[in-house]
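Right after this note come the structures.
You will see chain A twice below: alongside chain B first, and alongside chain C after that.
Showing the complex of A and B:
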């Protein structure tokens, strides 16, 4: 049950205890973290669960799929090297203490 | 918890003519209301629809009695979970943002150029038959991978399937036309399928037949029918609604034309304001509570996204078309696993190609005082006539 810290664009933080059978998007929605919209609820079709991943934990986040990669080009906030769609990232125990930054717009 | 209240004093014609006052009343009555004229329990509040779309185990898309399945066959639009996901994944390559931008957008721009070329000298037109309907039909034909077919054919098939899927009175003539459209589509698929198998390309038929594993032929037939029934009127209506919104609001029109980066906002606002798909069905699989109202197992409900997109609990002054509205997600493309696969195609085609080109090429485009636009529908809604003039 890793603890993950979500940091909103305005700097406010929110620590959430995640369970390993969830996507990062589900963790955020379940805890009511503002800043994740997730219109398509995990189908990687809407690009509204965009987040910036902590590069130190990138190895645990899994590969970016072809579809996710293209969808990331259409996010409302700027795509960076740390960008992921949180619905495509699955929680693992090694994410304990990880921080996830949220964009200013979805 | 309380029972589902009933609204019995609205006519079906009033819903078709202008559903928004009725939506408001239903929304303010309860989270779920049985509307006798529609013979359906309607859910109209934004947050309730979001809740429902995140719980497909309680609110299923699968319905053994569905007319869609009867008319089209076993489609992925009426499936949940893994069965839906396999079909959805098979067509994904045709709908990817990069493919849309690099492959489809130039083709669609060319189609639009041609249509405007053929009407520009007239100085006036009804944009429904002269532009929006052929535009939507020709671009969908291209995306599916059909060849050499008049735009009217696909438009007729689409309408016949939609009518068949909504044929709750079991009218024999409507059923006959839907079956005839289905047979025409099966034959058109047959005529091009070998070509797409042998020459992989970005078209939907190619994606289906070259998927791993390839989609079975019954699936191809049914899902192409869903795409024809559900992929033509929405872009058509979005083109007309966005054009109408801007023509009716000259100050906003000027801002958008002066600042083209506002086009995406204008597009999102148009489909929020008058959502081309106003309602779609779900089935309650187990007795449940929706925001204090008891829904019985087996109940058919209609998710009224057209109403939710005007929910004043979420959108301020919701009946107003306002491209300067703060950016906020809406439900015009649905939500959840069935989120519209064509979302990015329509954003690109309608919001970045067709309507901008219309305003760019038709100088001083304006509505006609002597021939006002006509809007109709609630399950599907949009202008059915949009007479305009320009300086030829």
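Showing the complex of A and C:
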């Protein structure tokens, strides 16, 4: 049950205890963390669950698939090397202490 | 204290409730659903849930605890029986309740095969609820023979999941092609070929004459005379909006509960949103059956209950997952006169662009998220690229975006600290 810190664009932080096998999107939505919209509820069809993943934990996020990669080019906020669709990243125990930054717009 | 009662525990109901809180509404919210489960997502039912890959909890739109935290009262397994509009009261299976605002989010009900044709036999199922899938699951075994009735999205998705699970699948479609109501011949051909490659037998221009069996269907007699042995029948032949409550309360109904651009019905204090409602779109009245629409429509109603006076401007989009193909659709293709096929340069990746004259109406994108996202923005902005350029693989589609208002104009606003929003902002509106 790793503790993950969500940091909104305005700097406010929210620490959430996540369950393994949830997606980061589910973790955020379930805890009511503002900043993730997830119009398609996790079907990788909308690109409104965009997040900036903690680069120190990048190895645990899983590879970006071809479809996710294309969707990420169209996020409302700038795409960076840390950009992921949070619905495509699954929580693992090793993410304990990790930070996820949320964009200013979805 | 102001009380908003929401009749319907599906996507629209849930979105309305959460959005009200997100907008700072501090009155009472009571969400009533006739299923014994908190609001859940239906799209995974015919996909990961049927495959046994999701637990029921994983389908919930939000955890039950979130509704509690936000002081949204859930009345599950409760049926709304009557609306007493003058008195602003509803009668339910667990007691009556007064309201200041009533949101009808009653959704739609699957069309069933007539009992005279065998539609009431024990192994004939529609796919709308968790209970439907729970009943299908024991019959959903490798080697079993599945007959899918209907070549729309529900039927095709069920067929795909079944084929991947080792069932032997035959799909019958009454029209001359699958997806007739919603997509072009080009898109239909793409999916026919995809299913054929995976061993699904698709029979177009074919209807069910009779399902025969003792209590359960053992044979299907088709319109072309063929007789198929079957173990399981899944019916996906459309849905009808749930308007019974509205009808008996005397509300205007026109292919769904009739609402105006703000989501108001013909009765003061009663609103409707999602699958159950018809609403003005450009110069027509339409009903949209999609998750994004249910969310956006419900959130618009919530905003308007809070005084926003915001007209709902639908930005239709949709997706369907079949085998390893993600179909993403933007726009509405009604009255198209031309389809431009764009090859994405990767096997199986393509997009079909629907035009009327030179006006871009819609796009079907298959494993081509780039084309989909660009087309979605163009359509939302009312821009139309030159059809010939679209069809040419050497055209860089992002070139067309240069005329589009910057992404910010189409965004959701993410609230500042202290605001307690859930999906705030004017989502998906041009």
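Note that in this section the second predicted complex is superposed on the first by the 106 of 106 C-alpha atoms of A that agree within 3 Å, B and C clash if a C-alpha of one lies under 4 Å from a C-alpha of the other, contacts with A are read in each partner's own complex, and residues count from 1 in each chain.
Convention: contacts are C-beta pairs under 8 Å (C-beta built on N, C-alpha and C of every residue); 3 or more make two chains touch, one makes a residue touch a chain.
What you see is a predicted model; the values in this text were computed from it and never measured.
Partners chain B and chain C, brought together by superposition on chain A, clash.
Contacts of A:71 after superposition: both chain B and chain C are touched. After overlaying the two complexes on the shared chain, residue contacts for A:59 are found with neither chain B nor chain C. In the superposition on chain A, contact is made by A:106 with both chain B and chain C.
In the superposition on chain A, A:48 makes contact with both chain B and chain C.
In the superposed model, A:40 makes contact with both chain B and chain C. In the superposition on chain A, contact of A:32 is made with chain C only, not with chain B.
Taken together, the two structures place residues 29, 37, 39-41, 43, 45-46, 48, 67, 70-71, 73-74, 76, 105-106 of chain A in contact with chain B in one case and with chain C in the other. Contacts from chain A toward chain C in the complex involve residues 8-12, 29-32, 34-35, 37-41, 43-48, 67, 70-71, 73-74, 76, 102-106.
Interface of chain A with chain B (complex): residues 29, 37, 39-43, 45-46, 48, 66-67, 70-71, 73-74, 76, 105-106. Residues 53-54, 88, 92, 96-99, 327, 329, 333, 335-337, 339-341, 343-344 of chain B are the ones that touch chain A when the two sit in their complex.
Residues of chain C that touch chain A in their complex: 41, 43, 61-63, 65-66, 69-70, 291-292, 295, 319, 321, 326, 328, 367-370, 373-374, 377, 407-408, 410-417, 419-424, 427-428.
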